[in-house]
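There's a structure below that I have some questions on.
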Amino acid sequence: MRVGFIGLGIMGSRMAASLRRAGHDLTVYNRTRATAETWAAEHGATVAATPAEAGAAADVVITMVVDGDQVRDVLLGPGGVAEGAAPGTLCVDMSTIAPSETRAIGAELAEHGLSLLDAPVTGSAPRAEDGTLTIMAGGEREDFERAKPLLEAMGALVLHVGPLGQGEMLKLVNNAVAAANAATLAQALVVAKATGVDLKALVAVMGAGSGGSTMLTLKAGPMLEHDYTTLFKLEHMLKDVRLCLEEGQTAGVPFPVAAATREALSAAMGRGHADDDFAAVLEAFEGLAGVRL
Amino acid sequence: MRVGFIGLGIMGSRMAASLRRAGHDLTVYNRTRATAETWAAEHGATVAATPAEAGAAADVVITMVVDGDQVRDVLLGPGGVAEGAAPGTLCVDMSTIAPSETRAIGAELAEHGLSLLDAPVTGSAPRAEDGTLTIMAGGEREDFERAKPLLEAMGALVLHVGPLGQGEMLKLVNNAVAAANAATLAQALVVAKATGVDLKALVAVMGAGSGGSTMLTLKAGPMLEHDYTTLFKLEHMLKDVRLCLEEGQTAGVPFPVAAATREALSAAMGRGHADDDFAAVLEAFEGLAGVRL
Amino acid sequence: MRVGFIGLGIMGSRMAASLRRAGHDLTVYNRTRATAETWAAEHGATVAATPAEAGAAADVVITMVVDGDQVRDVLLGPGGVAEGAAPGTLCVDMSTIAPSETRAIGAELAEHGLSLLDAPVTGSAPRAEDGTLTIMAGGEREDFERAKPLLEAMGALVLHVGPLGQGEMLKLVNNAVAAANAATLAQALVVAKATGVDLKALVAVMGAGSGGSTMLTLKAGPMLEHDYTTLFKLEHMLKDVRLCLEEGQTAGVPFPVAAATREALSAAMGRGHADDDFAAVLEAFEGLAGVRL
Amino acid sequence: MRVGFIGLGIMGSRMAASLRRAGHDLTVYNRTRATAETWAAEHGATVAATPAEAGAAADVVITMVVDGDQVRDVLLGPGGVAEGAAPGTLCVDMSTIAPSETRAIGAELAEHGLSLLDAPVTGSAPRAEDGTLTIMAGGEREDFERAKPLLEAMGALVLHVGPLGQGEMLKLVNNAVAAANAATLAQALVVAKATGVDLKALVAVMGAGSGGSTMLTLKAGPMLEHDYTTLFKLEHMLKDVRLCLEEGQTAGVPFPVAAATREALSAAMGRGHADDDFAAVLEAFEGLAGVRL
């Protein structure tokens, strides 16, 4: 398939490489052109001068950029994909943005005869490297089927999860659950400390049973050391939880534990942990309790 | 070792069998004597007429009964272990009761020259059968070392977690985390439903990534089916969360997510789910949102 | 009417004086007998050597003691009212205790042919002095009508609020609302401080409008000064909120904001404010936010 | 003083009338011009064709419109105040908008040599009629002093509360407290119902004591009747609480009870109460508990 790929950052460059390995023809665009040229030289690809050019050369255009403003810009701005792509071209946005933004962008693309899937990913750089990401796509079923060979080149678990925006929504819900589970863990450690429980034993017991979670596996160790080396920035997690709550409010559905978690993340941000890993939510509960692990 | 074993219920009978397999001599007591006699005929053991008799014949007495009142009764009541056991005998209570009760019972046993470990377990009947329970013990280190061969015959993960009562406390914290993670899951499913997300896809994605948890694995399926076949009764979970909060209050340490979870469990109980599995906490959030999965 | 009055503390002595002013005959009992004798000499009353004696001399016996154990003791213990009072005597407990205790005591009194009203009060010593307390009574309507002349001698607002225990329950709900409003106020002050709002202006504006409350009137000034001079001890408020949640759990009804407030009170207690006024709940939120007013 | 007044809605028309009564010269603008002409004929004023015209004729321009977009439009849009007003003119925005929007608009007005106060009000139409509103102003002290005679013509309590935006912020905090107190009241009523307490007695007792609040006075009656006749729309209250939380997040300060209240308001909105009075938050708690008052 002829694929346009826009955004060759840490994740995007690895995802595009998976597409090349699967034998697809790529035209790539990156804001910093040198990055695109280096990548193209290494992996074999055409470099586009504008997103419009990438769009003109492709059946499917994938975007993997930072936020909703950038997605809008490369798809609909001056020199954007919509200016170059032939009607019928499929856009697949794999960035993490608000579902409402996705739907607004989709409506505008439709006016140009272009369709849109939202297909955000979970999984870090190593899994992008291996092509084993989890990919959750929202949009028309037929568009999903069309993009599926590409998505399966990048991901191990590739799911169609509902209409446009639902990929993003699912990701927000997942992240809110992760944040809530991490906040629960942090509180449990503080309570255990204050009541004299051995913290390493607690972590071991929970891991072997009903208190286990991915967050326990990933964050208990760092929390015990107050080591907030960033895997996922607290301010990014805070943004995702906030977006989840915004979408919930629009739908008139409450998510109390996510709301409480947001406030704790906010308190940790106020203590200077915006750029730290969101495991730093622990600091909020230590402050509340006046207890240090 | 000469072991007294009191309480041959679903868990106790399997745990005692593990001790027999490991070659220990058992004197068993059960409130319903016929149960003890059947068990003794099958596994080989002496049947005691009273807890005192079991205590007199043992170096270590294990109790596995229903609640704090029963523990107190078999250890300190008329015909209880304390009446028969020689000074220096070690009691190991493996029931789940409040840490404060454990400590009170321990203090009374000490007046009789008896020492106490609290060693509650996590894991269900099959793991009791296999001798692969998780066992967390509180009490003096030397008492733990003395009981260790017995505990290791019953458990795969056996830990000394602090002074007397800390085994119980650790278990309460673990269960509160489990309940909170289950409540978070329930809320996420309701939010996902109301915002149009595919629920099975959500469960698959969370399971593959940061939203994963033991509760997701065990409870998501039942929640999606509103199938509350009891693995662990809601009212028992509610009791454990309440006890955890009580201990937290005594220590002056807050556990906000557990407090919120307790209220949700209470709301589910008010809807008639006391005897259902605690997955029925979902009903509280469905009621709050006015949304049915 | 012939009235037995048990418990001449700060509140009880003033309440009994109101009954004397209204012309009732009093037989008084106090644990420390000298207190009773001094009071009797001043106001005119017979001093009883035991609660039983006070019960024998009365149509209605009022108790105003510290907690449920004391209520049980003076009514049902050795030398208690039940030993002396003739069948048909009415007991009116004006102490603040758990509704479930009230009902249990009521059931035992009934076995002696005695009936019980629970009639806790709100209002402080000056209002006890003036006979302008608020009194909320639970029990049989006919018992209430019988006690009404006495209650109206002590209170300005006297209400029958439901069956036995409902006076206590109403008081617990009122106190939980007060605690929650105070916690909300404390949070608002911390948020206002962190966002640069003039705190005195905030208090003035709220007092003039929709943010106003009795708690604002009573606690905003002390909070701004971190002055926790005790009007109502934090640990007593914490006890009342806890009892309210316990009763709610028994009824299967959630009270989320009270549960959250309890955890904040618990955190303040952990910081050493058990004996301070419950305005010290502010300290928990200052700790959470890392912000000092 | 020469005053431009923009926005003659329910509140604005009454506030402008207060200014006329105090003898100020008014040039008025309203989007629907007929409204302005009717008002001017009745009260005596010049009608402007555009906000720019109103700005050109005034020393101080007051805006009282619906939201931040409208404020921006009449001040900075085509034909806006900034096009007509002489440098040094003072703008006073009395609408309720986000503090961050206020600050952004203030910065743009400064580029035109215009200064800005934010001066939102609390109090309903009758108090606008009487000139007894509460007015909280943010901005430079000297700008406040300049506007003070005008503000005092409209309000009984007029306060300078901090830098630009702090009037809005204070109002948001006040409204969040009001919403939280109303949510607490709703929960208390549900708990009281489920535990058998007489609800009218509860309301009376709370009103006489520590559980009292403006919300109790205004909303308890309507809640008991499920009468949600709109005084302040639920969706507007939800917006204010959301804005308060957004500002809190920006400052890194948590407001847990407001976050919980937002979710309850959201749940009530999802049940169809967006246009009802925010007393309808009761419906969320009735749904959670499965209890109807």
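What to note about this one:
Here the chain labels run A, B, C and D in written order, and each chain numbers its own residues starting at 1.
By our rule, a residue touches a chain if its C-beta (ideal position, glycine included) is under 8 Å from a C-beta of that chain, and two chains touch if they have at least 3 such contacts.
Since we're looking at a predicted model, the values are computed, not measured.
When the partners of subunit A are compared with those of subunit B, the chains appearing in both lists are C, D. Interface comparison, A-C versus B-C: the pair with the greater number of contacting C-beta pairs is B-C.
Two copies of one sequence, subunit C and subunit D, touch each other mainly through matching residues, since over half of the numbers at the interface are common to both.
In whole angstrom, the spacing between the mean C-alpha positions of subunit A and subunit C is 54. Per-chain CA centroids place subunit C at a distance of 39 Å from subunit D. If you average the Cα atoms of subunit B and of subunit C, the two centres end up 38 Å apart.
Counting partner chains per residue, subunit C shows two or more touched chains at residues 194, 248, 251-256, 260, 267, 270-271, 284, 288-289, 291.
Chain contact summary for the complex, subunit C toward subunit B: residues 238, 242, 245, 248-249, 251-256, 259-260, 262-264, 266-267, 269-271, 274, 284. Contact residues on subunit B toward subunit D in their complex (touch as defined above): 194, 256, 267, 270-271, 284, 287-291. Residues 99, 122-123, 134, 136, 157, 159-163, 166, 169-171, 173-178, 180-181, 183-185, 187-188, 190-192, 194-198, 201-202, 204-206, 208-216, 218, 244, 247-248, 251-258, 260, 288-289, 291 of subunit B touch subunit A in their complex.
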